[in-house]
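Listed below are the structures to be examined.
One chain, subunit A, appears in both complexes that follow, with subunit B as partner in the first and subunit C in the second.
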Partner chain A sequence: MARFHPFHAAAVLAVLGVAVFPLYWMFVTSLTPSDQLFADRPQLLPSLAQLPTYIEAWSGTSLRHWLFNSIIVAVGTTALSIVLAILPAYALSRMDFRGKLLFGFALFLTQMLPEAMLVVPLYDIFTKLSLLNTLLGLILANAAFTVPVVTWILKGAIDAVPYEIEEAARIDGCSRIGIVLAVVVPLIAPTLAAAAVIAFFHGWNEYVFAQTFISDDQWRTASVGLASFIGELSTPVHTVMAVGFIYTVPAVVFYLFVQRYVVAGMTSGGVKG
Partner chain B sequence: MNMRKLLSGSFATAVAGTMLFAATGASAQSGKTVVTFAASHFAEVGRGDRLKAWVEKFNAANPDIEVKPVTIPFSSFASTIFTQLGGKGGPDLIRFDLPEFYAAAASNSVLPWDGVINDADYKFTSADKYLKINGKRYGVAFDTANYAMIYNAALLPDGKPPKTFDEFLTAAKAATKDGNYGFAYRATMAERGGAWYDVTNFVYGFGGRWSKPDGTPTFNSPEVVAGIAAYKQVYDAGITPKGTDAATYRRMFWEGKIATVVDNGGVATILTSQGKAHPISAAHSPFPHREQGMILAPITINANTKVKDAAAKFLRWMLEPKNQQELQTLLGAVNVATIVERTPEELKAMPWLKAYDEQTPYSVPALPQGLEVKSPEIQQIVVQQLLKVLQGGVAPQVAMDEAQRLVQTRVLGQ
Partner chain C sequence: MTRPPSHDTAIAARKTDPSRWLPMVFIAPVTLYLLAFQFYPLVQQFFLSVTSTSLLNPGSSTFVGADNYRELLTDPEFAQSLRVTVVYTVVCVVGSIFLGLMAALLLDRPFRGRGLARALVTVPWAAPPVAAALIFTWMYNAQYGLFSRLSQFLGFSAGGVNWLDEPSMALPAILITTLWQIFPFSAVVILAALQGVPSELREAAVIDGADRFSVFKAVVWPTIRPTVTLLTLLITVWSLRRFDVIWLMTQGGPLGETNTLVIDLYRRAFVYLDLGKAAAVGVIGLVIAVLVTVIYFWVSQRTEAATGKR
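Let's turn to the complex of A and B:
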């Protein structure tokens, strides 16, 4: 068991502080009385009397609707990315075929193009396919960016699965697809969780596509909804901070939910043999 | 939880979600022609809701057409619209800011108004002349806003507004204490567009213009350099909350923490509509010349629209005197496309409105005349040089000589 060391504890607290302080500051600002917002000495503790700000943000805006849309987009992006990435990841790991290297490299190439560069042609395509103003369109656009990353992450995990296990399954009469779904996927589950986190956060935070492809308020996601409070001439600071704080909650909950798998996924494959 | 079950659940959710939303297409109202209308106003607290209610009046009177407001955050309005235009889509009606209007017209992204309205039927404001390019109309003003100085009387000596630049500096220095500031403006590249408007007010106020009417750049003229030097003088005086963005310092002004700002009528309206924490007052800007910049935002028809006739019907409705009156009232201290007199109720509710209205004859678009289409590149160059003056210690004359050279070589290819 590792010995407690004050320096380590201080380092952990410092890192924790850097990570958590912005969230705390957002929370405190959302609950700071208006006349104290720009005071010389900033308020370090929240004024709980200002809690109705959260009720107003929750019920007086479309926040619930935006969050629901964001959850659909993030979960859809995550699931679609994983579904679409498993087979190519398996193929890259286990099969030999002409153009394999090129295929793997091409997946990386897609990551070299920024969203802003692709948004115009995608908009044109989505117009023709009637995918504008649909969450499905956003899920597809986001998945296009996450599938290559997820594919490479899963390939690395599949590389670490002993081939002998697959051979045993084949001897037992399992088909190739059966091996992937029944044998390989359960073995790389922690890595799948890590990949899911990446895909989920991409879908959750994505802004450019959500802003460009959605013009109907009904389908707006939270990332764009949050930005809409920041006006040309004024910004309701309390509301922005309260909505921003609430916006972080589902993402944090999702991460806490899959955290232990993520850690296992990050460390899996680190040791061979 | 069993990982296998978790994965199965995720996949099932994805499939179900995908199927559910695959069936959800773009809005298709039964039997109605839908006209989408984008304006950054729609995202504003207060004014946005009132504007939507105004649009609803058209919808109520025209059961065959639905004008649908499109809310796009101001910060990404231009980039989003131009992306959509590039993708052969976008809202049918677009309220642009002036630089984007000229860029859209130059790239044929907006339609000329042939047959949409008969000019002779309307008494347009003087700003209307800026909306015709090569004799063709590409829009009418949705709103125009003048610039004036708004002030918190309680923070100023004797509660009176300064009338000259020297008086202004003295008053602003006196007001800068106890966490309060005498003045606020933009001086960061992050707010390039806003900084451009702010510095334009100084330049115009010191008698300068960015160019001659024929498009000859005059960035290093003595008057322009005097305006830049005055901007620097304010920066060095320590009377501004340096680095604070406009949304924040406007809020600070409302909280009574800033004595004066030179801002447009839309800001004054919003500050007033947010309540009377500190009642605002307005006076003309404290510069040697009365000329100031002007926000001119035209409404245009997207060249990609498939519902031009319905869009034109809305525009004609918009220009009817009663609807212009309502639009001007709900937008506050702005002018609309046609000349609309203020009502006594408006003047009573917003006594500072008089200062803004008196500014109308002295309001000039903030773009370099004859070089409007090149505005974004020019703004970039000028604000870069301005920041070198403010933060890099470069002399105003040297910086503006460089701006002149860069505009001539990089932008105009001379």
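Let's turn to the complex of A and C:
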């Protein structure tokens, strides 16, 4: 290990401090008694005596339902994106076909569309399909934005799979789809995981569709539920922060575990397109 | 398949693939899906942008040709929105790449606990945008927010000011929040690119007595430049698309100082109920995004050719 450089160490600590502080502050605020919150001096450390705030946040709000809905949306978005993306990713990587360039470009173009731009026409479509106020509608809207990214990432991974492996399977009489599912998919499992994480986070974080397409409180997601507290005054600040913290921490912890794959996936396949 | 197996088998097999329809089967589901949920709505927006349509009565719309676009060109609110978008995007790109590069260089050197440090720096990137908007809104609170208390403590102001309500401070406040969220992405991507810097070259430069900045300029920068170009594109497109943080913190205010194109589009649709003009804003925004991408590919191809010649 290198020598200890005080300046370097201080700089690293400063960067990490900036990165982590806002979430720490969210946590401290959630565990600050109301009277202290508005005192002259801010309280810099959490008071553990305030832990019941979390019980209140959990059972006093609709947080449980929101989180459950968010999980459904995030998992659904992930599953749909992966299922839809595997075969086109394979086709882009391995097959020649008419309109391939156009297909690839169209996938890329979708990355430039802001969600907010499609809110109005999608609202119209969902009204006709009776998909308003359904989690399925949110999944369909979200996956439309993640499928192209996932496809590009998986294409990058399939590019790296040696063709000879497939050849062997083909000589053994496997169909092309059989080869993709039985041979290619297991080989790109790490990238598949990275793509899944990206899709999951998209679904977990998504706000504008969930805000516009869901009016029934029963189907609200956590992002919209939490957003409804911003600028609202009747719920105590520490309860709001507790709700925010409960919504944030699982995502952050999950990400810390899987980030190694995500970075590899993002930098190898996805961004080459 | 009587040909003897050779090095070219793979390519030959690909070229002589007997089934022309199989690739179509492979791309059909995703094509139908994206046609329904991306391209059909996009086309609808194009059509909407040449009509006058109210959100209150979307069924009846009248064709107005290019009127929406013409009116936008003389609309001071739209001009301001373009200006805000440019400032917001440029600061996001430059700021997050600069901060990301600094963080990456710090975390590239070996030290104890580097793995943990690299993980912790990504925390803001993993936090949901709505949560970021919530905590920063609270930190900007006029009386009890940390920023207000801090500037009061340091004697910069008497306190009691919410930056999000100040026309001159709202955009910087939004930018601080955004940069906090996205700089880890730049850091992590640049960090990965730094692994490709040839260490012999760096050592040789140090032995030759090059100072740190010259080493960076001569050895490190050329290696990571393609990555930085790519980050520029990604962050530009994301900044043009970003909705949640800005909408939740300021809704484009005060006085339109944080009203980026996407926010402007949403406001025109859902606050002014003017779907036609909202769609026109969206189309203009999309054209800008496509132009940026085309320029990116043009520039990266040119630099690739230029470096190839050397």
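One rule holds in what follows: the second predicted complex is superposed on the first by the 221 of 273 C-alpha atoms of A that agree within 3 Å, B and C clash if a C-alpha of one lies under 4 Å from a C-alpha of the other, contacts with A are read in each partner's own complex, and residues count from 1 in each chain.
One rule holds for everything that comes next: a residue touches a chain if its C-beta (ideal position, glycine included) is under 8 Å from a C-beta of that chain, and two chains touch if they have at least 3 such contacts.
Bear in mind that the values here come from a model prediction, so they are computed numbers and not experimental data.
In the superposition on chain A, contact of A:Val185 is made with subunit B only, not with subunit C. Of the two partner chains, subunit B and subunit C are each touched by A:Val119.
Shared-chain residue A:Leu101: touches no atom of subunit B or subunit C.
Counting residues of subunit A touched by each partner, subunit B versus subunit C, the larger count belongs to C.
Of the two partner chains placed by the overlay, only subunit B lies in contact with A:Thr134; subunit C stays clear of it. Residue contacts after overlaying the shared chain place A:Ser215 against subunit B, while subunit C stays out of touching range. In the superposed model, A:Leu45 makes contact with neither subunit B nor subunit C.
In the overlay built on the shared chain, the residue A:Ser34 is in contact with subunit B alone; subunit C does not reach it. In the superposed pair of complexes, A:Glu232 makes contact with subunit B only, with no contact to subunit C.
Common to the subunit B and subunit C contact sets on subunit A are residues 37-38, 119-122, 124, 224, 227, 229-231, 237.
Looking at the complex, you find that subunit A touches subunit B at residues 34-35, 37-40, 72, 75-76, 78-80, 82-83, 119-124, 126-127, 130, 132-136, 139, 185-186, 189-190, 192-193, 196, 211-212, 215-217, 219-220, 224, 227-237, 261. The touching residues of subunit B, when paired with subunit A in their complex, are 3-4, 6-7, 10-11, 13-15, 17-18, 21-22, 24-27, 36, 38, 40, 43-45, 68, 70-76, 80, 83-84, 86-89, 91, 178-179, 247-248, 250-252, 255, 257, 266-267, 270-271, 274, 277.
If you check the complex, the residues on subunit A that touch subunit C are 1-2, 4-5, 8-9, 11-12, 15-16, 18-20, 22-23, 25-26, 29, 37-38, 42, 84-85, 87-88, 90-91, 94-97, 100, 103, 106-122, 124-125, 140-141, 143-145, 147-148, 151, 163-164, 167, 176, 201, 204-205, 207-208, 223-224, 226-227, 229-231, 237, 240-241, 244, 247-248, 251-252, 254-256, 259, 263-264, 266-267, 271. Interface residues of subunit C facing subunit A in the complex, by the touch rule stated above, are 9-10, 13-15, 17, 19-20, 22-27, 29-31, 33-34, 36-42, 44-45, 48, 55, 58, 102-103, 106-107, 109-112, 117, 119-139, 143-144, 146, 149, 180, 184, 188-189, 192-193, 227, 230, 234, 237, 240-241, 243-244, 247-249, 262-263, 265-266, 269, 275, 278-279, 282, 285-286, 289-290, 293.
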